[in-house]
Amino acid sequence: MTGFVELRDVRLTYGGKADGTLALDGLSMSVKKGEFAAVVGPSGCGKSTLMKLATGLINPQSGTVEVANKEVSGPVSIAGMAFQNPSMLPWRTTLENVMLPLEIVQPHRSRLKSEKKAYIEKAESLLELVGLKGFGDKFPWQLSGGMQQRANLCRALVHDPALLMLDEPFGALDAFTREELWQVMRDLHGEKQFTVVLVTHDLREAVYLADRVFVMSARPGKMINERHVEFARPRPIDLTYEAAFNDIVHELRGQIADARAAA
Amino acid sequence: ATDIKFTLDWKFEGPAAPFFIALDKGYFADEGLNVTIDTGAGSRESIPRVATGTYQMGFGDINALIKLMDEQPDLGVKAVMMAYERPPFAVIGRKSLGITDDPKSLEGKKLGAPPPDAAFGQWPAFAQEAGLDTSTITIENVGFPVREPMLAQGKVDAIFGYSFSSVLNLKAQGIADDEIVTLLMAENGLDMYGNVVMVNTAFAEENPDAVKGFIKALVKGYLEAIADPAAAIPFVLEHNEVLDKDLETARLEMAIDGSIATPAAKANGFGGVDMDKLAKSMDFLKISMGVSDTPPAPEKVFDPSYLPPAEERMIK
Amino acid sequence: MTNERWIKAAPWLWSIGLFVVWEAAVHIFEFPVYILPAPSDIWGAIVKYWSPIWKNSLQTMFTTLLGFLLAVVGGLALGLAIGWSRAIYAGLYPLMIGFNSVPKVAVVPILVIWFGIGTVPAVITAFLIAFFPIVVNVATGLATIEPEMEDVLRALGAKKMDIMLKVGIPRSMPYFFGSLKVAITLAFVGSVISETVAANSGIGHMMLSAQSQFNVPLVWAGLFALAVLGIVMYAIMAWLEMRMTGWAHRSGNRP
Amino acid sequence: MTNERWIKAAPWLWSIGLFVVWEAAVHIFEFPVYILPAPSDIWGAIVKYWSPIWKNSLQTMFTTLLGFLLAVVGGLALGLAIGWSRAIYAGLYPLMIGFNSVPKVAVVPILVIWFGIGTVPAVITAFLIAFFPIVVNVATGLATIEPEMEDVLRALGAKKMDIMLKVGIPRSMPYFFGSLKVAITLAFVGSVISETVAANSGIGHMMLSAQSQFNVPLVWAGLFALAVLGIVMYAIMAWLEMRMTGWAHRSGNRP
Amino acid sequence: MTGFVELRDVRLTYGGKADGTLALDGLSMSVKKGEFAAVVGPSGCGKSTLMKLATGLINPQSGTVEVANKEVSGPVSIAGMAFQNPSMLPWRTTLENVMLPLEIVQPHRSRLKSEKKAYIEKAESLLELVGLKGFGDKFPWQLSGGMQQRANLCRALVHDPALLMLDEPFGALDAFTREELWQVMRDLHGEKQFTVVLVTHDLREAVYLADRVFVMSARPGKMINERHVEFARPRPIDLTYEAAFNDIVHELRGQIADARAAA
């Protein structure tokens, strides 16, 4: 059985063949169904590109991308994606932004009219979960950077996607809010068993949340290591202070340092 | 040489031939004039153009001129040469739609008229003269471009227009000659004048000889055109490539027969006016155009002093 | 605060200023009325002919609005279609541009011959003249959407139609409403042009009649009525724009 | 690839299709030529009158371009001024809208009285008719700038002028070029309208001459010439737009 | 002597008095000339708002803001600001974006024409410093999130401002790039002695770079603590592993936790 998300020998160049930027080259990765995967790597190595490939937003120059055992040739509909840049639609309130996927993705789409109230409640409870209670009727440009990012996360979650693609969802948050949201993610994953690919710069975040951490090389990006993280679930937040945990973090740290030095 | 900018009443078409004869044969140049001739946008549009001095001289409807002078006594324009001794104002109808040579046949019919049309402008006087019951007649506002097609399609029963343009246009629409009925207003009681050559009064005062020279040359042009219309048309074609030679010849001939070489013009010479007729025509204008009870004196409207002697103006 | 007041007063000050200068110019240079009537003459004509001006304005407004509505529906639909499909764009656009380069005055006679005189050709002319700016602006709005915004929906597996509805249309609304302001005044011009060629009522007809009676002040009164109606219509559009695309105008209301 | 080819071919296919349907309709319904001439009749007229069509087109193109250039300069300047100052906006805008609601045909005779007939009134008419969409679009573009972008400059203590130059103008360029496409065709219409009233040459003059001759095919040939010129001008503007605001159209060229 | 940046009892409400969002209330802070100040606090507490107030982008509802001993009533021209959201101008290449301040701020503005080459070199050397060598002629939307943020930092620095306002300039960067840039900032500050106000979520970043760390309460934001950081300069990066350093980090951590709990 191949993985739920499967990239094989993928290569991608932005903008023209000759003078373009070679972002990814020979990248392969495989994420099993229900697995929580994290991707780490130096800035500009192609992590966001990888996310776009996996959701079919862009197509690889060579190599194959498969999601749920189907080759991806256009955008897939089973994913929920939180972009690195929140890109909220400025003409919609935060709540309306969060509810956007419900207007698109089946079966919610056809139910939305009849069960509007339930869906609004759901979106609002998600907003509350990330600490944005009462901000649903504000416009996104009335929120702070971190608040936008949290709303962005809600948008990725609201339609219960089978695959969750998170591109640095906690980058703009302070340590505490961040740790709270780690636990939110942990609980949601435990409950719903969706597959997650998380891009992050925070190695503690990666190790705390993920079952497996992928380490990417500098640009052109490819996988240079995979690290299984075997801690039992549910993981208490105190785990992050334990020696075994910090060992893994340090190990990954070393790998990234090597990857950067090699570039 | 004196510069004269001259504005016609309309586009360069057959009836403009005399102007181009005078221009291209050098008659104007012989008089020491440097003349440019521009198209116009109707026989009354040219009056303000001359009044402001943008154009020194122009060609336009004397009736409109009277109306403007009546409103604006110090209007700086006067007429100096009569071209259309009888105006080409007409009601044109179709026999099959019940229009006959009798104006009475218009009663109960639908007439198409562009509001700015000079012929339509005389409608009240015409109707009164002919004793028509206007309450039975519907007037439809149809623009110039659709006037003849609407008649050809039978959407109106008759139209107002210049005889020499509307009749020919109708023929061009494929309407047979004997189907067309032309009710010339001048032949039905409206004894008045048509288009004249006008001059800006300030210019005339400063350059009387230039004006005299202009008219002398133009009269030559008119007499030549009257003598041989077919030979006159090529002079217009020079200036407007898209014209149809035969059509324009026919147009010019109709203008000459109906309006220019009239019995009065043949008798008294081309270009002059009968002050009594001019005075009387103002009575019609009171009805049709709302000219006041104290219209401008005929002598103020038309100044014959620039015309060459009558014997030089005789139509052969 | 006083600054705000000045701005409130500005349109009136400018207009009054214009009229004063105009009136003065007419008296100083002694323009004859057929060249340029003084505002006082025009005002006289407005008062005197109030009833016909009013009735004809209603008629013109009616045809204008009808044509404008058609243009909005048609222009929006066509603009979206063009933004939607490159094939439609490539095929239809050149024809449309060609058609739009044709002065509508030349088209009115054909309409009149087909539909007779009156309201129908006026509505159609208003439509024909007003729909093009809408199409162009909507298409431009769609073409300049940030790909990042589209991606938000594409990542959800949204159909092209959804992207159009949820991102394309809202994002191009500022362009759309910008064009409405142009289109409404053009629709006006279209109605009036058609009325001058073929109608028995409407401001265009009234002006032409006035002209043929050498009633220059009434002609100008007609122009005036058009200007006022145009401003009113425009203001309505601008208000609508503000309501619908307030999010795009947020730099206007800073704290 | 074949898809690309189809798109390349689309304008021709649509045009040819239109002509075929048109020709067929004329023959089937036996329209008389004054209602709707067949494309073949029009083609005949084009061939026969090639020389006057060509010469007059040049004249019209010349006046159009001149008027258009004036409109670009004036429209951009006015649009920026309006986007710049709320006082100018409040005061000048209503007057401009009012003026724009006035059909330009009504203004041409006045221009003729002042300037005589010929090139000058045509250029002015083209200018008057074309500058309004530019103003509206530029002003709309300025009004919808994201405040975040302005802040980048404001934080540097930039003067209003700098913000205008560095953010305002570039950000409103997509709007500006969008309006140019509308403006160039309007400028055309303006020139032609003026030529029909007051000119000794130009397509407008030629068409009116043809019309008063009831040479309907030639009138249509003139319309045709206008359409073709319009498309060419538009294409030039669209090319310019792509060159100048490629950054705004980046969704068009995805990897 | 008052500070170089001085806020006194500032209050700010967004959008209307009655139903608006009260972002800051009773906030005071004072930063001395040449000082490196860091501001930390929970997400949405008003840090970005504070930055906008100090540069005069917005005006306080009550209270006073002074910069360089002058009351601020409109945008100040002596500051270089890196916004939380990079907001690069999409019609300019990265290099042109970086050079934007030179076109605005005197004396560079009037010299730019004559010394164009020198200025371009300067901008390029800044780009190189942050690891963006060769990306100057790319458009900002051709850069990755972290790369945009680094370009954003260059833009704030290029005109040698006397006051540097940095709103989470390293949020989207991996740990190594981030630490590299810490050292770049440290060296620049040591060399040019500008005044810096840095907003960050990373407490280690704050303690490593700053002379003083301000801790803000949850919204409505005000200062609840100032912590002097006395380590000698230049500080080696190894400092971050020392116990004294980590003690301060922990101390601040506790304060923020209290601040969040209080809200």
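Chains here go by letter, A, B, C, D and E, matching the order in which they are written, and residues are numbered from 1 within each.
Going forward, a contact is a pair of C-beta atoms (placed from the backbone, for glycine too) under 8 Å apart; a residue touches a chain by one contact, two chains touch by 3 or more.
Predicted, not measured: the structure shown is a model, and the values here were computed from it.
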item: Other chains in touch with both chain B and chain D; value: C
item: Top-ranked pair of chains - ranking by C-beta pairs in contact; value: C-D
item: Distance-maximising chain from chain E - centres being C-alpha averages; value: B
item: Equivalent-chain rotation between chain D and chain C, CA atoms, steps of 5 degrees; value: 180
item: Centroid spacing, where centroids are CA-atom means, of chain A and chain D in whole angstrom; value: 49
item: Separation of chain C from chain D, taking each centre as the mean of its C-alpha atoms, in whole Å; value: 16
item: Whole-Å gap separating chain A and chain B, where each centre is the average of the chain's CA atoms; value: 85
item: Distance between the centres, which are taken as Cα means, of chain E and chain A, whole angstrom; value: 28
item: Multi-chain contact sites of chain C, meaning residues that touch two or more partners; value: 35, 113, 146, 148, 196, 245, 248, 250, 254
item: Set of chain B residues in contact with two or more other chains; value: 48, 52, 145, 149
item: Touching two or more other chains - residues of chain E; value: 14-15, 85, 141
item: Sites on chain D touched by chain B in the complex; value: 32, 34-35, 49, 51-52, 109, 112-118, 197-200, 205-206, 208-215, 218
item: Touch list for chain A against partner chain C, complex; value: 52, 55, 57, 75-81, 83, 85, 87, 89-92, 100-101, 103-105, 139, 141, 159, 165
item: Complex contacts: residues of chain D adjacent to chain C; value: 6-8, 10-11, 13-15, 18, 34-36, 86-87, 90-95, 97-106, 110, 113, 132-133, 136-137, 140-141, 143-147, 150, 174-175, 177-179, 181-182, 185, 188-189, 192-193, 196, 204, 207, 219, 223, 226-231, 233-234, 245, 248-252, 254
item: Chain E-touching residues of chain D, taken from the complex the two chains share; value: 146, 148-149, 151-158, 162, 166-167, 170-171, 173, 245, 247-248, 250
item: Residues of chain B defined as touching chain C within the complex; value: 44, 48, 51-52, 64, 67-68, 71-72, 75, 114-117, 120-121, 140-143, 145-146, 149-150, 153, 155, 289-290
